[in-house]
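Just so it is clear, A, B, C and D label the chains in written order, and each chain counts residues from 1 on its own.
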Amino acid sequence: MQLGLVGLGKMGFNMRERLRAGGHEVVGYDRDPQVTDVSSIAGMVEKLTPPRTVWVMVPHGEPTKSTIRELSGLLESGDLVVEGGNSPYSDDQENSALLAEYGISYVDVGVSGGVWGASNGYGLMAGGDAADVERVLPVFDTLRPEGERSRGFAHAGPVGAGHYAKMVHNGIEYGLMQAYAEGFELLAASDVVTDVAGTIKAWSHGTVVRSWLLDLLVRAMEEDPELEQLQGYVTDSGEGRWTVEESINNAVPTPAITAALFARFASRQDDSPAMKAVAALRNQFGGHSVKSNDD
Amino acid sequence: MQLGLVGLGKMGFNMRERLRAGGHEVVGYDRDPQVTDVSSIAGMVEKLTPPRTVWVMVPHGEPTKSTIRELSGLLESGDLVVEGGNSPYSDDQENSALLAEYGISYVDVGVSGGVWGASNGYGLMAGGDAADVERVLPVFDTLRPEGERSRGFAHAGPVGAGHYAKMVHNGIEYGLMQAYAEGFELLAASDVVTDVAGTIKAWSHGTVVRSWLLDLLVRAMEEDPELEQLQGYVTDSGEGRWTVEESINNAVPTPAITAALFARFASRQDDSPAMKAVAALRNQFGGHSVKSNDD
Amino acid sequence: MQLGLVGLGKMGFNMRERLRAGGHEVVGYDRDPQVTDVSSIAGMVEKLTPPRTVWVMVPHGEPTKSTIRELSGLLESGDLVVEGGNSPYSDDQENSALLAEYGISYVDVGVSGGVWGASNGYGLMAGGDAADVERVLPVFDTLRPEGERSRGFAHAGPVGAGHYAKMVHNGIEYGLMQAYAEGFELLAASDVVTDVAGTIKAWSHGTVVRSWLLDLLVRAMEEDPELEQLQGYVTDSGEGRWTVEESINNAVPTPAITAALFARFASRQDDSPAMKAVAALRNQFGGHSVKSNDD
Amino acid sequence: MQLGLVGLGKMGFNMRERLRAGGHEVVGYDRDPQVTDVSSIAGMVEKLTPPRTVWVMVPHGEPTKSTIRELSGLLESGDLVVEGGNSPYSDDQENSALLAEYGISYVDVGVSGGVWGASNGYGLMAGGDAADVERVLPVFDTLRPEGERSRGFAHAGPVGAGHYAKMVHNGIEYGLMQAYAEGFELLAASDVVTDVAGTIKAWSHGTVVRSWLLDLLVRAMEEDPELEQLQGYVTDSGEGRWTVEESINNAVPTPAITAALFARFASRQDDSPAMKAVAALRNQFGGHSVKSNDD
C-alpha cells in the first residue's frame, strides 16, 4: 500500500527499506536532505492519494507533537495518522483528539527491535479502533517478523494501548538487562569462574536464561570479553521512568524494574550525595574515618 | 561411552533417555524400582568397566553428600565422579577432597534446561581439571543442544566453577522472571491494554524482550490467559539465596536479583509482620485507622 | 494575632487549641457543626479584621482547591492565605497564581507531628515570600515546639518549598518506618532473641537507632507485644508516591524509600499477580508444582 | 564492682572512664602502652579477685577469638567473660562452648552509642543465662543511660542473643541512614527548597522524623552545609551484611536494609561492571552511543 513516513532516522530509515522491499510505496520525509524523498511534509502529503496513511517516526515530545499539528492542517477527513515513536501513552489522547477535529483517524504503535528490526522484523503493538488498525495491517505485516502474525503483532487495545504496551515492554527490558548485568558483575568479581565470557556464551542454547538480549551480550563480549573498553554510564530515554510512574499510579510493586532505573541514575553520578550523608553520619556517631575531598 | 547415573528423577530420567538416544551405554540407579536399571549403587558400579565415570544427579545437600560418600567406597583410583545436581559450589571442594583421597577425579556440572532439556538439550557449565572435563566430553556433547559446542557448554573453571556458574545463571533467572512478572502485573492492573495475553504473545518475535522464558509465559497464558487458576505462591530452592549471599561476599550490588528473591519470600507470607509494625506506627503518630484481626 | 482557620479535623482541631492556648484569636470553620465557630467560610471572613490571615487545613486535592477558590472571592487585596494541608507542591503554583489575581498573598506550610503536635508542638516548613512568611511568624512560633526556632521551623524557600520539604520529610518517614519494621520482622522470625519487645524497648536510650518513631513502636508493643492484633495492611496517602516521582524527575536513586512504598502496595494485595506469573513460569520450565485456586 | 577490660580503643577507653566515674574498679589492658593499666592479659587477671569478670572489647574475628582462647587458659572455674565487641552471633556458641570446658561463664553484649556513649550512656543488649547476666548488672547499670533500666538495657535471650540484637540494630541503622540520605539528596538535587540545611534542622523537634541520627546530620551540616568536603564513599564492617544474610536464612524480605547495604557497595566502585554490561547491550540492540574509556 501507499504510505507517507515522517522521520528517517535510525528506525525510520530502516523501516522504509523493509517496507519497500515488501512492495509498499513509501514517500519518506526527513529534515536531512540526504535521506528525504520530498522537500517538505506538505510535499509528501501531495504525493499521496486519499485516503492517505502517514506514519510518524520522530523523537517523542515536541518533535512528534509539532508533526501531528502540521499534519492536522495538511491531511483531510478520512486520512489516518500512525504514531510509531516512543511517546508516552498519555500523549495519544491529545494527538487523537486534535486529529479527530479534522476527521483524521489515529493509531499509535509501539515498535521494538532496534537496529536489527531491518532484517529480523519489528515487534509491533498497536492501539486504536479496530477499523483503523485493520487499514494499516498490510504495513504491519511487512514490518513484523515473518511467521505467525500473533507472535510479532498485537492490537493491544484502544488509542494509547500501543504506546502503553511498548512502555511496559521497555520497563521489562530494563529489568532483564539489569539481571544479566548483575550476574555478569558477580561472575567477574568472584574468582571462581575463570572463563566468564565462555560461561555466558554457553548459556546461549538449552538454558532457562537464553534470550535475544543474552545473544547480544555474547556478541559484545566476543569483541571485548571483559567489557573493559566501556564506561558504566547508562542514559535513559523515558520509558523506564514512565513504567515506574505507572506502577505507582496503579499501586503495583515493581522493585526489579525500579532497581534497574535507579542503577542507571547512579551510573551517571560522579559522586553520590546520599552516600556523603551516610559518610557524614558514620563520622558523627562513630568517629569512622571519611574520605574528604582534600585527601 | 559408558556411564553410571545415580538419580533418575525429573532430570536424570530424561538425561538417560537423551544419552541412550545418543548412543551411550547408561547404567542408571534410582531408589524407585520402577525406573532403576540396577538394585543398588554397588550393583551399578559392578556393571561399569574401569576407568568408570559416574554421574550423580540427586537433590543437593545430604542426598548428594551420602551418594558421594558411598561412591568413594565403591569406586577405585582412576575413576571419575560427575556431580550434576543443584549443589552450592562450596560443597564441591569437600566432595572433591574426599574423592581425591581414593584417587577418584571430580567434575561438577551445572545443568540447565528443566523438563525441556530432554528434547532441546541442556545448557552445561563444568568445573574441574581440563583432563577430567575432557574425559566426559562425549557425554556433554550428547546432553547439550545440537550446534556449536561453545553455545551450550563451557568449561567454566576449576572444581566448583560449574556449580558457581549455575548459581549465577539461576540468580539471573530469578531476575528475568521477576521483570516479566512485574510487567504482566502492570499490564493487568491498568486498563489501557485490553488484550494482555495477545500483547505478551506479540513480543515473541522481533522485540528486544523475546526469550525462551517469554515463550513459556505465552504458553502458560494460552492455557489460562489471566493466570487466574494459579496462586501467587513461589518457593525457592537455594540458588537465588546463594547468589545474593555471594553478591554480599563480593560486595556486588544485585538489587534486581534480590528483589526477585524477596518477592518470593513475601509471596509465602499470609500476613507481613513488617507491615504490622508500619500499621502500628501510623496508628500511633497519626491516629490512622488500622485493620485489626477483630475486624 | 487573629487567624481564620478552615478545617477542624484531627490536625486543625488540635492546632486551634494550641493557638488559643498561645493567646491567638482563632475563628475556626468546619463543615461539622459540632466543632465549627461560624456557619460558613464567608461568616469566618466577616469576623476577621483586614489585613486577614486564613489558614487552610483540609484534605489535599479538590477540598483544598475549592476552599482556595472560595477564599479568592471572599478575601481582599492585602489578605494572606496559608495552605497547611498535605498538598503536592505542584498545586501551590496554581493556588498562588489564582490568589495573586486578587492581590492575596500565599504561603504553603508543611506541618508534621500528627496527633502529638497538640502537646509537643508541630514541625513546620514554610514556602513563600519572606515578608509573607514573616507575617505568620507569631502563629508559627506558637505551633512549633518550644525552644530554638530553627529546630522546629524553617522558611524552606519560595512558594511550594514548604510542601516540597514536607513531601521529602514524609518520604524519609516511609523509609524509617520500613527499616524498623524489617528489623522487627527479622527479630520475630528468628528464635535467637527471645524478648523482642524488651530488646526494642532497650533501644530507646543510648543507641544509634533511638528516635521518636522508635518510642512509638515501643508504645505500640507495650499494648500488643507481638503486634498480633493488627493486620499488615498499610494505606498510603500520596506523599510517598510523590517523593518517588520527584526522585525519578530528578534522576535521584531512592531505593529504600521506594522499597517502603512498594511494601505498602504489596500489603494491600490479596494475592500477587506478579508471583502468579513467576509460579506459572517455574511450572512451565521445571514442572515445579504450583498452588492452584482449586487446592 | 571489679572488672577486667581487654581492649581500650575508641569504645573500651570511654567505657573505662564511665565505669570508673560510676565507682567501679577497672583493670584495663590494651596493646597500646599509652592507655593500658597492665602489661599483659595475664597481669590483668592476676589483679582480679575471683570470681572474676572480664569484659572483652576488641575487634571481631581473630582478635576476639584469640583473646577468648587466652582467657580460657588464664581464668578459672566460676569466672565470667563478657564479649562486648561487634561479633557475629554465630561466634558466641563457639566462645561459650570453649569457656564452658573450663567452667567459665559467658555473656555476649551488643553495645550501641558510638563515641557519644561516654557521656550519654550506651544502649546494651545482653545474651546469656539469667544468673550470669545478673552478675554483670552493676556494670550494665553504669554503662547504660540514666533513667529506667528497660529503656537502655535488655536481657535479649540466651547466649548469642545480645549480638543478634545488635546485628539487627545495626541493620536498622543502615536503613535509617539511607532514608535520611535519600531525602537529603532529593532536596539537594531539586531546586525547590532553597535552604536545605535549614529545612533538615527544622525537623529536629516536633516532626515524625526526629531522631538522634537526624541531630547528627544537622550537626554535620552545621559544619559543612552541603557536605561538599566529603566523598560519598562508605565502608561497611559486617553487621549490615549479616543482617541481610540472616534475613535470607529466615526468608524475611528486607528490601530497605538491603538497599542501604548495596548503596554502600556501589559507593566504593570507581565504575560499575554491571552498568558496563547494560551499556554494551543498549549499544548492541539500539546503536545507542556509549562512553568508552578512550573518550
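Everything that follows uses one rule, which is that a residue touches a chain if its C-beta (ideal position, glycine included) is under 8 Å from a C-beta of that chain, and two chains touch if they have at least 3 such contacts.
Quantities reported herein were computed from a predicted structural model and do not represent experimental measurements.
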| item | value |
| --- | --- |
| Furthest chain, CA centroid comparison against subunit D | A |
| Selected interface, A-B versus B-C, where C-beta contact pairs are more numerous | A-B |
| Whole-Å gap separating subunit A and subunit C, where each centre is the average of the chain's CA atoms | 37 |
| Whole-Å gap separating subunit B and subunit C, where each centre is the average of the chain's CA atoms | 46 |
| Chain centre separation (subunit A, subunit B; CA means) in Å | 32 |
| Residues of subunit B whose C-beta touches two or more other chains | 114, 178, 180, 182, 185, 189, 208, 212-213, 251-255, 259-260, 262-263, 266, 272, 274, 285 |
| Parts of subunit C lying in touch with subunit D, wherever the complex brings them together | 89, 112-114, 117, 120-125, 144-145, 147, 150-158, 160-161, 164-165, 168-176, 178-180, 182-183, 185-187, 189-190, 192-195, 198-199, 201-214, 243, 246-247, 249-257, 259-260, 262-263 |
| Interface residues, subunit C side, partner subunit B - complex | 10, 114-116, 177-178, 180-182, 184-185, 188-189, 212-213, 216-217, 219-221, 224, 227-235, 255, 260, 263-264, 266-267, 271-288, 290-295 |
| Subunit B partner contacts - residues on subunit D that touch it in the complex | 208, 241, 244-245, 248, 251-255, 258-259, 261-263, 265-266, 268, 274, 285 |
